[in-house]
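Look for chain A in each of the two complexes below; its partner is chain B in the first and chain C in the second.
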Partner chain A sequence: MKKILLLLFMFINLAYGYTYDNLLLKAQASIFPKIIMLDKKLESKLVDGKIIYTIVYEKDDYETALEVEKFIDEKYNGHLNDYLYKINLVEFSNLSKETKTSAIYSLNSEKQIKKVAEVAQQKGVVTFSYDIDNLKNGLLFSLVLEKSTVLYCNKNNLHSQDISFVDSLYRIVKFIESKSDIQKKLYNDIPLFNSYKTVVAGL
Partner chain B sequence: MKGKNTNSLSTRIVFLIALVSLIITFGVLSVFEKINREAFYQMEMEKADIIAKTIEPLVALNIYLDMQENVNQIVLQLLENPNILSVKIATPEKIINKKLSEHYKENQDGSFVVESTIFQPDTKQKIGTITLIYSNKKYKELVGKHASMTLYLLFGLVIVFLFFSLYIRKLLSPLRTISKMLKNYTPEQHIEIPFASQNNEIGLISNILNEMQHKISEYAKKQKDISHYLEEKVTEKTSQLRHQLYANSLTNLPNRLSLLKDITFFDNTALLIINIDDFKEINDFFGHFVGDAVLMKFSTRLIIMVEQDKNIVVHHLFGDEFALLFLQKPPLQDFIRIAQKLNGDIEKMILFHENNEIGIRATIGGAYQTDGGLEKADIALKSAKKQRKSFLLYDEKLHIEKQYKENMEWVKKLRKAVEQDMIVPFFQPIVDNYTDKIVSYECLIRLIDDNKNIVNPYLFLNIAKKSRLYSTLTKIMIEKSCRHFEHLEYDFSVNLSVEDILDNDIVDYIKNKIAMYGVADKIVFEILESEGIENYEEISIFTKEMKKLGCRIAIDDFGSGYSNFEHLLKLNIDYIKIDGTLIKNLDKDINAQIIVEVIVDFAKKLNIFTIAEFVHSKEVFEKVKELNVNRSQGFFIAEPQKSI
Partner chain C sequence: MQNRLFNTAILLSSLTYSCVADTDVDGLAESITNQMEHFNKVATTTKQNEHYQPYIISVFEGKELEKLGISNLKEALSLVPGVDMATDNVNTQTPIFRGSNPLSYGQSKLFIDGVLVNNVFFDAYPEYLSFPIEMIKRIEVTRGSGSKTDGVNAYAGSIHVITYAEDFEGFESSDKMVLKYGSYDYRMGGFIKTYKTEDFKIFVDFFTQEDNKKLPAGFDGLSQGVLSMPGIDNRALSRSGDAPLWLKEYSLGANLEYKDFSIKARVHEHKKGSAYGINLALPQESDRVKLPNYYLELGYNKEIGNYDIEVKGGVKYDTFDSKSKLLPDGLTFIDMYQYDTLGTISPVVFTNGIYGEHLAKQRTLYQSSYLKYNGIYGHRLTAGYRFVKEETIEMTSKLSNWSTGLPEPYDYTQTYPFFDADAKRNAVTFSLQDEFLLNDGLSFIYGFNYEQTSYEDAGLDPRISMVYQFNSDNIFKTIYSSSHRNSSWQEMFTKNNHARVGGTNLEPEKVDAFEVAYIKKFSSDTYLQTNLFYLLNKDQIHNSSANPQYENVVDTDIYGFEVEYKGYISSADQLYLNYSFVKGRSEIGDDGTSQSLPNVANHLIKGYYIYNINSRLSLSGITKYVGSKERALGDVREDAEDYLTVDAALQYRDKKHDYKVTLSLKNIFDTDVAYPSSPKTYYEDYAQENRSFLIALAKEF
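Moving on to the complex of A and B:
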């Protein structure tokens, strides 16, 4: 009975928006803006001299997007190093190549991730994904809390965009090349998935 | 060669090469050691630095991205390297991570500390430091390995030099053999050097030594002949020189030096010195050649005279002087008898030269004393000559030595007096017997001694004549007397000896001083008649010259000598000073009165003034006046005084 109730709870959640790990959101809100600063071609991506950090979300995840914005403002208080920044919250459906942005942070979406990747590729901006699984659809970075904080990067996506980071970044990120790598990572390394696996196994 | 191995050539060569090589090697190795140590140090430091610099971007990025747990992982990974003992990562605010390796404690001493700055990846601002402590274990291992390699190298070098020295010794061993063979070499022997066949330097030396031995042998033979010849010559010449040294070159008789040697050698001798009288006349009259012949003949006769007595040795001292040395003293009477007989035999001796008979006389001085025999015989000879005796034996009672000593003292005193200007004239007045007024002064010489005593001339004049100081005294008297009377209205007289008049230098000096002080019409020269005037012609020239100048001449001590009246007249004299011996007792001695009367009469006829000396009493003075002597001088009238 308990198992049935749990499964039911999960489906309800899927029906009304994704579940986000608050700690992971905080970590990503803290680290991703700094990665923007490591882009050697950042100057070409400024909008009116500002860094525009665009958070794209599904309509149901608006609160989460706001929460991320709040985390960033608390951390950086309006400027990254010497640059002023502005956070734009944009629904997936409103994202287009006209959207002015310096970097894009994508929350979860079932169908819109590829669109984000395409826009980013067209604009040549860095993309961050809440979910590592989205890297297979063309997003560039994601962050996972394992035994330590691990930054992942899809190597294929790196080559397809006009982006160049400081060399040391490449030495700390873990590169993922294929879909199978991500699957493997999800099932073996990621604590969240491990907990899922436990749950599933329990089921 | 024993005990001199350190001086051997081979040892020296090897030792020097080894020393130089070791110094160079040691120097090079020391430099290398230092360079290598430095290099090892730098290498290890660079390793540590590279590690620090390698991890710096990762650490920087992780700090930048606040992924500090990753920093921890990096630190743990670093500590897996056993050489890293400690890692400290710090920002200015805090130490992010600090971990020590498990090897830290055992290796911390002397380990390297490397500090690297952490820069923020985007802005390159300094955000912290990485401090690594890197183990020096590897460095120590490298240094140790290098040191042991160096030691092996040195050891290898020592071994090489040992072999090298043995090889050099072997190469040079023939030289040792040759030196041993030649050690006792003499020009008379020939040593065959065995290494002549070798085709190297040793062979060359051996061949040359063999040839040299041959040349030395020939040269030595010639030298031996020359040496033998020279030795003979030297012996001959030495003998000749010895003979010349101890023999008279004319008569070949032993000379004075030989006599002195004999006197020293024999300790009981007596001596006769024979001097041929007036030998100078023979030389002057017949010439030196005849003189030499006479001496040779005389020496032969002398030898014949004493040849029977083997105790007597004849010596030819010099010129006309011979000596008979009695090697063993005969009894005194015999000694005197031999001397007298000898004298008689010599007087009888007649020598012939070109039909001329030359008679010889001799004076003999004898010394019966052995000590100072030559000097004593010489003194006796001089005394005999003086006393006109043919033989005189030296007698201590003659006090001749003392007299000689006194004479020498007087010579010293005289010289000192001359140097210190202590020869002075004293002035004794001469009065006119008719007016009793002083008309002139006689200047008499005096010596003032160290005690200011006035010394009479009879004590020193004879000695002055012998020591050649007489002319100096005359000059002093002339100078001082002329100067004294330059401005006085009196005549003055100065004594001159015959010797002074014959001395051209003195005559010139007199003329010069007379002219200088303008006293020609005041000065009277008193010539001593007592000395016996013989050289009338020369004195006549002098008197004429002086009279021409305006001077006057007096004959002093007239009546004491044996002067020829006729000759005296030719001198054109102005005064006759009658000798004191005639005046002294004139008041009592009738004979003296007669002689003085004759002299006065004779002088008056010739317009010559007469002066009586030695007028010592009133009676004598009265008698002098009575006999019409013109002037008087003596203690009764006045003693000689220092000044007028």
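Moving on to the complex of A and C:
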């Protein structure tokens, strides 16, 4: 019993940081760039005629950022429909209003997510988050592998005048309205006869 | 109000844009939906969304296990919550799920790429426990009887080993070559190779491995009165020494796919030392048991509209083949052949010992057809059958001559066989199941298996489970399932053996399982899973040295819980930890005898920690605690001692040249690790390991 207690003691009160799931990274790398194409004001966000997809990361996550870049390049080979794209890897600390970008994909960070949201809001660009929890800090989209694959969008972060999507996108996302909704994740009033594939909760 | 404005804004915005939207945009949205479905399929198949599935499951990725220095399937299974290991005198190792009948076999099922590989003789899979981890992409372990799989009843749990033959678009496996060297002169080499065109794919894996492991066994079973009887005392012939636990193995697997057709095949040769001896006397170092296992399965899978048709047919051969010196020089005993056939007693002296050659080769033919239908909104119906025909196709039984005492094996195949040469059993299982998604948060699976066999029928095994997803972070599950285990060949068809007396009138063991689980997800890859279980086992098959006849005489109630945590402390590490508690009571026979679970550890704690020093180098540790185990009734030995082991591993990975080297040190503190021996066999428990090391080199192409 002493050994059990010793072992339990070793592992209690552990904080958690983050690691990355390869399948989720690939799914996001595959789907998020397509969402940019559904932004009706994309033309105004091009940089030198190109889509600039910025991946922001903590220093320790540089390898992960490189992997995401590789996944996207393997999938899209430099073109998103008729547009050329370029991927920039930017450390959280180097991200600023001056960073030229058309969209931002954020890996995890303990303290920098709000900064990403602020920069994105100032620039009017779309943001994507690896972790759904970061939507509560102002990021716009995240993709989660639940019972089915779910694309979440934080409704409160859609109010920017520079962001507007085609209606077909709204049919495949689930909206999260507020901080508390992120915690409750939509199921307080379960719509018994809702389509489980195309539900637009909160509308 | 804000909602209405928002919705109106979106509607207006959509209407405006719809005037200018072109087919590209619609195509893009459809493409996103298709990709989400694709990733959903991958996540479901690879159990990435395991927490939303209607069973209690743990998934281990091969690459992560390699990082930990895990060498093979057995070592990987030792990390699973609620799973312990047991063995016997011929080193037939088997995982024990939640304390369920540790001296029995067939409690769990092993599938390799979906093919059931349990051998017929033991209804176990010791020949696959040494399967190298480098050949395994993923291990999915479902605990409890809720793990029915297309007509296969798993009694206490099921293990799915997925090799690198599995691939999905965008997730193709690399070719690989592996070399390993370690303690006990362990050597292993293997490779995997895939060739793929648009419609055709062939995947091949091959490995060969061997070691010369031997461990101290203490005095053998003769010291406990084995082969002694009134008037004959052979106890002085007992010897102590090392049990030969060596291994020689090779395996060649192939998976072919052409459009909707598939072939899965494996030739698996497994030869090992005779361990503690069939008759509980220490064997010679070169004495061996072979457990070859071959299978070939043809499959057809086609989706037509709302229907999904899955047809499989296959053949599996497995063999028990032992060649060994069974008893030492100078043994005196009675002529058992004469005693069993004529009833007369005649002493005989085996001056040069007793030698034996025992072979029983089994063939299993099976065919299954399942139809899945998605046409009713929210439902996925599955109906089908699985037919299995098992039979012994070859049996030889040779032993030193009972009447003369001469050592040369005499052919008793016809006159005094160890096994029924005509053993056969047919079984057909009908299955019906509905996966019902009531809404986003609530889903059910309910259905049943109904089985008839050419012996005692198990009948109906119902199952119902519910998954309630309060939100994506909080998931609840409840499961009720009934399942059964048909008696193994050994329990039914063993003959002329005074330690094991088989019987064909055995009822299947039955279990009713009640489980509840709660999963808390802290982030996309950090979770805490906890579950409670209560298992009502009926008609468990049991024999003992006092009554060697296998009988359905044990009813066991088992309850307990498991807690599993996976997460990390910083962005550079990973932590996994589980704790299992199990307790229960067995009622034996009608005489009111009862005891708490014998040979079962009430407490199991397992965990590992991986620290990624940088992108190339990682350091990891595994610790496992197995609690003490009470002995069976009548066994006067002290409880089997608890033990705590600690392993460490260092992995260097060169991404540029795609190779990795892993150095691991196992059982660093050289703790005594032993699995319980049955009463009145070996006094000492069966030792498993000393401190050891392993070096693995893997190169991907």
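Basically, the second predicted complex is superposed on the first by the 165 of 203 C-alpha atoms of A that agree within 3 Å, B and C clash if a C-alpha of one lies under 4 Å from a C-alpha of the other, contacts with A are read in each partner's own complex, and residues count from 1 in each chain.
Throughout what follows, a residue touches a chain if its C-beta (ideal position, glycine included) is under 8 Å from a C-beta of that chain, and two chains touch if they have at least 3 such contacts.
Remember, predicted model here, so these are calculated numbers, not experimental data.
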### Query
Touching A:47, do we find chain B (first), chain C (second), both, or neither?
neither
### Query
Thinking of the overlay built on chain A, is A:148 touched by chain B (first), by chain C (second), by both, or by neither?
both
### Query
Between chain B (first) and chain C (second), which does A:81 come into contact with in this model arrangement: first, second, both, or neither?
both
### Task
In the three-chain superposition, say which chain, chain B or chain C, touches more residues of chain A.
C
### Query
Now for A:172: first (chain B), second (chain C), both, or neither, which partner does it touch?
both
## Note on the structure
Overlap of the chain B and chain C interfaces on chain A comprises residues 30-31, 34-35, 37-38, 81, 147-149, 151, 166-169, 171-172
### Residue ranges of chain A in contact with chain C within the complex
3-4, 7-8, 11, 14-21, 23-24, 26-27, 30-31, 34-35, 37-38, 40, 58, 60-61, 63, 75, 81, 108, 130-133, 143-151, 155, 158, 164-172, 177, 183-187, 190-194, 196, 199, 201-203
### Query
For the complex, which residues does chain B have touching chain A?
57-58, 60-62, 64-67, 69-70, 72-73, 121-123
### Message
Could you list, by residue number, the parts of chain C that touch chain A in their complex?
### Response
3, 6-7, 10-11, 13-15, 17-18, 21, 24-26, 28-33, 35-37, 39-40, 42-43, 46, 48-49, 52, 170-171, 378, 437-443, 467, 469-473, 522-526, 565, 567-575, 577, 579, 603, 605, 607, 615, 623, 625, 627, 642, 644
### Message
Touching residues of chain A toward chain B in the complex: what are they?
### Response
30-31, 34-35, 37-38, 81, 147-149, 151, 166-169, 171-172
